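Below, subunit A partners subunit B and then partners subunit C, in two separate complexes.
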Partner chain A sequence: MNPMPVSVSYSELLRLTWPEIAVTLAGILILALDLTVLRRASLAARLRSGVAIACAGCIAALFLLGYSDAFASLPGSMLVITPLTHVVQMALLALAIFTLLLSFSIRFTSHIGEYFALILFATVAMMFLVATQNLLLIFVALEFLSLSLYILTGFDKHSRQSAEAALKYFLFGGMSAGFLLFGMSLLYGLSGSIELPKIAAALSGPAPGPGYDPLLWVAIVMVAIGFGFKIAAAPFHLWAPDAYQGAPTVSAGFLASSSKVASFFIFAQVVAVALAPVAGSGAARAYTPGWVPTLILIAALSMVVGNLAALAQTSLRRLLAYSAIGHAGYMLLGIIAHSPRGLSALLYYVITYALAVVGAFGVLGALESEGIDRIADLAGLSKRAPGLALCLLIFLLSLAGIPPLSGFFAKFYIFSAALESEPHLGLLWLILLAVAMSAVSLYYYLRVLKAAYVAPAPLDQPKLRIAPATRLTLWILAALVVLVGCAPSLLLNSLGIR
Partner chain B sequence: MHLALFLIFGALCVAGALNLLLQRHPINSALSLIVVMSSLAVLYLLLGAEFLAAAQVIVYSGAIMVLFTFVIMLLNAGREERTRGSKMAYVIGFPGAAVLLALLADIFITHSGEFHRVHAGEYVVSTAALSGVLFRDLLLPFEVTSILILIAILGAVALARKEH
Partner chain C sequence: MLAWTIYASFLGALAARLAPSKQLARILALLTALAGFAISLTALAHWQPGQFVTVADIPWIPQLGIHYHLAADGISLTLLLLTGIAATAGILFSWNINERTQEFFAFYLVLIGGVYGVFLSFDLFLLFAFYEIAIIPKYFLIAIWGSVPRDAAPGKEGSQREYAAMKLALYSFAGSALVLAGMVAAWVLSGSATGVHTLSLDALAHANFSPHFQMWAFPMVFLGFAVLAGMWPFHTWAPTGHAAAPTAASMLLAGVVMKLGAYGCLRVAMMLFPAGLNPWGFHVLGFSSWRDVIAVLAIIGIVYGASVALVQRDFKFVIGYSSVSHMGFVLLGLMTLTQIGLDGAVLQMFSHGIIAGLLFAVVGRMVYDRTHTRQLSELKPMGLAHVIPFAAVTFILAAMASIGMPGFSGFVAEFQILVGAWRTLPSMAVVAGIGILVGIAFTWRALTTVFFGERAAHTAPGHDHPLPPITLPEKLGSLLLLAATLIVGLYPTILTRLILPSLNSPLFAGLRNGAWR
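After this line comes the complex of A and B, so read on.
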């Protein structure tokens, strides 16, 4: 083991991590206040102050991000900050704010401080996750994130489903962490470095050619399995439907949106930066082994399994879970494209997807007080809560990919990026499969909307009462989905597509 | 001097480990474990790994064993009961352990010529080098881990407590 000749300037480290520190401090402050000053206060007051402090922390971090350097890095690739990581971090903070605003009406726990602190800490983990190119910090941040998400999933102590979901998620997550660590240790063994760029340099080096080392293939498959669990791609998706159904709605929305954004970004970084020399190709008649064919297999399987299984669901949350598996398949296309354009398309897709999913779970949360989870229970929603039904319409049509909503452009960009990847049109069969599966997905999304809009309402049901904060947040989310769809350049310019 | 200390504490370590397995009462087993861990710490010290030795005493012999004894005393655990399973463990376990020992001994004896000589303490990382890694090269993961542990405590409390 040779000592690394690195010198770290502590002030530099502090300066670069200010946004993360701000969010962490907000989390600790909430925890401290909730356990001391606000101990005897009413639940509503504690909720209000918790949301206020948490949002203040996130907004402070947004400002600090806005004023920090566009390009910076720490020795050992500990932190590699680019305009792209800034955009992703801002998206994560914005999603955290939306999640917090939607949690005004949570009733399942009286431990508000812990709950909000966990959401903030998970956000901190994701911010570190997207800003690093060092395998050690990637693993630590990923486990940090997973640990917070397990607890958020099992936070509803009154529900057996919540406990079951958390346990399943924990067991699957622990297994996947083992696979990921095994893959990473093999990569370290093959390249002698834990920095993504140096791994790439070592793998592309002269003989003995990496293409002939079977350990490299084992490493690729292990890493793909490890991240496949995190992004809930088939066949590693088994935890997702239970976690989405059992978790408290706010946690489920957070799990389905923010963690997807961060996991997809770092997955793309690991394979596109560290494993760039061994990409391979899955194009028809030009097959070469590498991580691209592996991911093509996972993507195709996710699209088919997710979308077909979603057809059979009667529970709204399970439907969203299976459709998330299908969406994970589409998003993998952005990684498979293996180009800067593919990465930008992936980020546009995953960010707009996260907005729509947070919104959809927000609607579910608003309906939860009525005990609505079956699709059939939505009957007459357009009469009982017209605003809510309209929001649901926008979110689901965006997920289905109907123009002019953002989901359509997301699919368009990601499919075209995959088509343009070398060799030209080599992945046509996969895109055709993706388009066909999109058509399938339209059917089950419309089935939900049919229940909400067309099915006759049961008689004498009163109008739904929805908290003003929830209503406002849902409207903002719906407006964003429409706005980013009508003017995609707003987001695309910052992601680097022209 | 080194050899004498190594023999004494090595023997103590093995004796403690055997006693740990043979004792019927949990508290005796726990105390034997302390003997094992403390003598291991002396062995580390003999190799020149002073930080590892100190950590071994503080963390394992200290913190973790105190926790073990607390749990045993709080649960008021009595003598171990013999079940069918423990008989099976005798029947399968002892031959299994013997086979494993024979296998390892065979490998070591047949391949002993291929081993390279290593001087004691050659590959041991000093405390200064360790702190260099911990507080300079890998400072950020180290700090992130501290919040991770906070999360773990928070989660353990949140999941274990009764909700009213």
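After this line comes the complex of A and C, so read on.
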């Protein structure tokens, strides 16, 4: 049961992790400069230089990713690089860049260096998270990510809400880490390995048949709970609305987009690679125990709870949080499919979702100076800021799944991948539930748009002034949402399906 | 060339939104609509009977076998023509929109573009995408520019139309959710044997889905589309939506959007899953197939819609419920499963699109925008026939077309449907006939009350402050619609020569079961 001693070639490690190193260096550089040279500079100058360095680091990493090997791995599955992980890493970097560009006008803190460094460190953690198939490294990267996110959530030191949100997020997150670690330790105990492929080999070994080791079921449930917290799936979602509402807008957008992409990808890897032999089935008349039925339960619950609870929200952020829970339910369908098409559908969904959510939070951030948080506060937005209203329209309709925006194809793709995974349309009931819930979701998205477009503007409110960088970023995001929706092949080609 | 109906509409929407002045936006919108109309007229002129035109067929999402496939057969062309006419007339009748004009025409043209797209799509995915594109503009058109009934509580004027708009959007979206589920299932099954998936309507029509699958997929998809076609009891969005919408949007809703639903029923549900119409092999409450169920719902729609229209107090609701009744004929025609019945159904889609547009134009634009009331009791003492005679004449002609007078398109269509129904569903034909009688009654009632009421001198608006005269755009729009219904009524071959060969094409082979009855 002893894991093999692993010898790592450090030159190889260095060569393969150049992108991560670039981002880390940028983070350290920002910290150093902000504490030394820029100490006496104005807030605006520090913001500008911070964003510039951070973006430069991310762009450098993007280039390095483009030139690195398509396939590579380190012993012990420490680092497993495939074209798919490259795509996910690129998406994470792009999302980080968008988040940075949207934080040009943050006003809630004077600790600029720390703030940008934390965003970059979180990005590094996510890049490692998606490129490893080793339980230990997964856990370390996940905790690194979580710690950065806890701090980002509580970064607004003048706001009690922010502190409350961070504390809630931290307590729930810490507990979920405990569950996850327990599940992982059981997996290690059962298989004698911490490498995902070897766990799979050990589990499928001497043909255990259904009803084998009960500890395995405990492990599956623990892992599902642990990741369920991270992706904010019901019933482990309770932290999400508070965190989304209390966190500074930029942090909330980051939390809702990037960390979703990374967590979903690694969740899919863990269950689809390591637990492949014990998938089971949730088909209507062919139920077999395994992790698939467990996830089906979580997915169905998330869709229902998230979408129904969102109906009753009056706060925009809470509405987005509950809709995120609903979307987590749809995304789980991609994992449930456990096929190459399912994985590609999941990635398409989560990446396009992240684009729309970063955009939606970007719009909220632009409105922050007006103190807008309730849906009714949006009244007259289409008059006061037509461009911003149009961007909001595009992002929300994409989330609702209206063509030709990317959210529509994402839904179609993930539904068909899930339905295809069982013979005889076995998962039809789940797809019908998902489709019904997505019809429900149109109501609350339209409520927001109604406020922005239909409700008359309160009298003598001036036109909104929006920073040019914010405006440009939002337009780029909106254009991407439309473009990827009109030509899904652009993204699909790099997601491993031809 | 036909594809430019779609592109022109979307480009026109953009141009109208960016237009610096309101007048320019109107003119741009009118030119766009005229372009679409001209393109479909040109296609009509060059059309060979039985022709099937592929406009574009390029791989769009090759990973899933989805094509950007635009094509037209005779049925599509009929409805393209309808869209062109209704869109042009709608813009003429919304010439007086003064609030957020640019946005109005932008939403309007996006809706038109989506409608053209549905009628031209020959890939189910594409069709569905266009179908959903049409939903959102409908919501905003009603919620922002909707008309408000007089009896709305003060301060609540907005909530009524927002309610109607949201109801319409949610009904449409719920219906399309059913269609989406059917589409996903069809996609999965299309590749279950070969691994090559497709959503091409042509390929799916020949895919030989298992009868068991068709038996549940058919009612699901049919219902999804029929919601938008105003099938009883899922029609309730229609009267409230029509009544709350601005005139042009009512004209489009009744004129073309309800046709989207009926077209989907025929083109998707019936063409792809024809075995769903076969008998179940057992009886439940006297029903032995989905066909019986739908035919009975259609009949209920015809009679119920007409009866409810008979007792409405609001002029716009009268026309709103009449739409439910007339769309019941379309669904009945589809369920006859005879060549003549189906031909009548498609013709009725065209005919009702024109006539309903005309009726809503009179009610919403000519009468309501001048008198600011839609209550029959308040319109009665005005004796409008003397005040705005043009509106009265238009309404009389439209009413004649609506009740199925020979010489108008409504007669040709409903007659064919009744003949078809008489052959295969005789008892239903009798009930539908009763529906026609009730239809005459409510039309007569509306006509006499609104236009030929006893003119009371003290309330007549003509005396102290005369009503604005009928404008030129209104006259042009009315003439366009009247000409369309008269031409088709007097010379129906102009459309039936398009429709019949398409019904006899291999696409509908599954529906014919060998031969038409």
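Things worth noting here:
Just so we're on the same page, the second predicted complex is superposed on the first by the 487 of 498 C-alpha atoms of A that agree within 3 Å, B and C clash if a C-alpha of one lies under 4 Å from a C-alpha of the other, contacts with A are read in each partner's own complex, and residues count from 1 in each chain.
Keep this in mind: contacts are C-beta pairs under 8 Å (C-beta built on N, C-alpha and C of every residue); 3 or more make two chains touch, one makes a residue touch a chain.
Here the structure is a predicted model, which means the values were calculated and not measured.
Of the two partner chains placed by superposition, only subunit C is touched by A:A439; subunit B is not.
Of the two partner chains placed by the overlay, neither subunit B nor subunit C lies in contact with A:L311. In the superposition on chain A, contact of A:L171 is made with neither subunit B nor subunit C.
Shared-chain residue A:L13: touches subunit B; no touch with subunit C. By the document's definition of touching, neither partner reaches A:A32: not subunit B, not subunit C.
Touch criterion met: A:L397 reaches subunit C, while subunit B stays clear of it.
Shared interface residues of subunit A (contacting subunit B in one complex, subunit C in the other): none. Only residues 382, 397, 402-404, 408-409, 411-413, 415-416, 419-420, 423, 425, 428, 431-432, 435-436, 438-439, 442-443, 446, 450, 453-455, 487-489, 492-493, 497-498 of subunit A touch subunit C when the two sit together in their complex. By the touch criterion given at the top, residues 3-4, 6-8, 10, 13, 17, 24, 31, 74-76, 78-79, 109-111, 114, 117-118, 121, 124-125, 128, 132, 134, 136-137, 140-141, 143-144, 147-148, 150-151, 154-155, 157-158, 166 of subunit A touch subunit B in their complex.
Note for the complex: subunit C touches subunit A at residues 60-64, 103, 125, 128-130, 132-133, 135-136, 139-140, 143-144, 158, 162, 166, 169-170, 173-174, 176-178, 180-181, 183-185, 187-189, 191-192, 213. For subunit B in complex with subunit A, the touching residues are 129, 132, 136-141, 144-145, 147-148, 150-152, 154-155, 157-159, 162-164.
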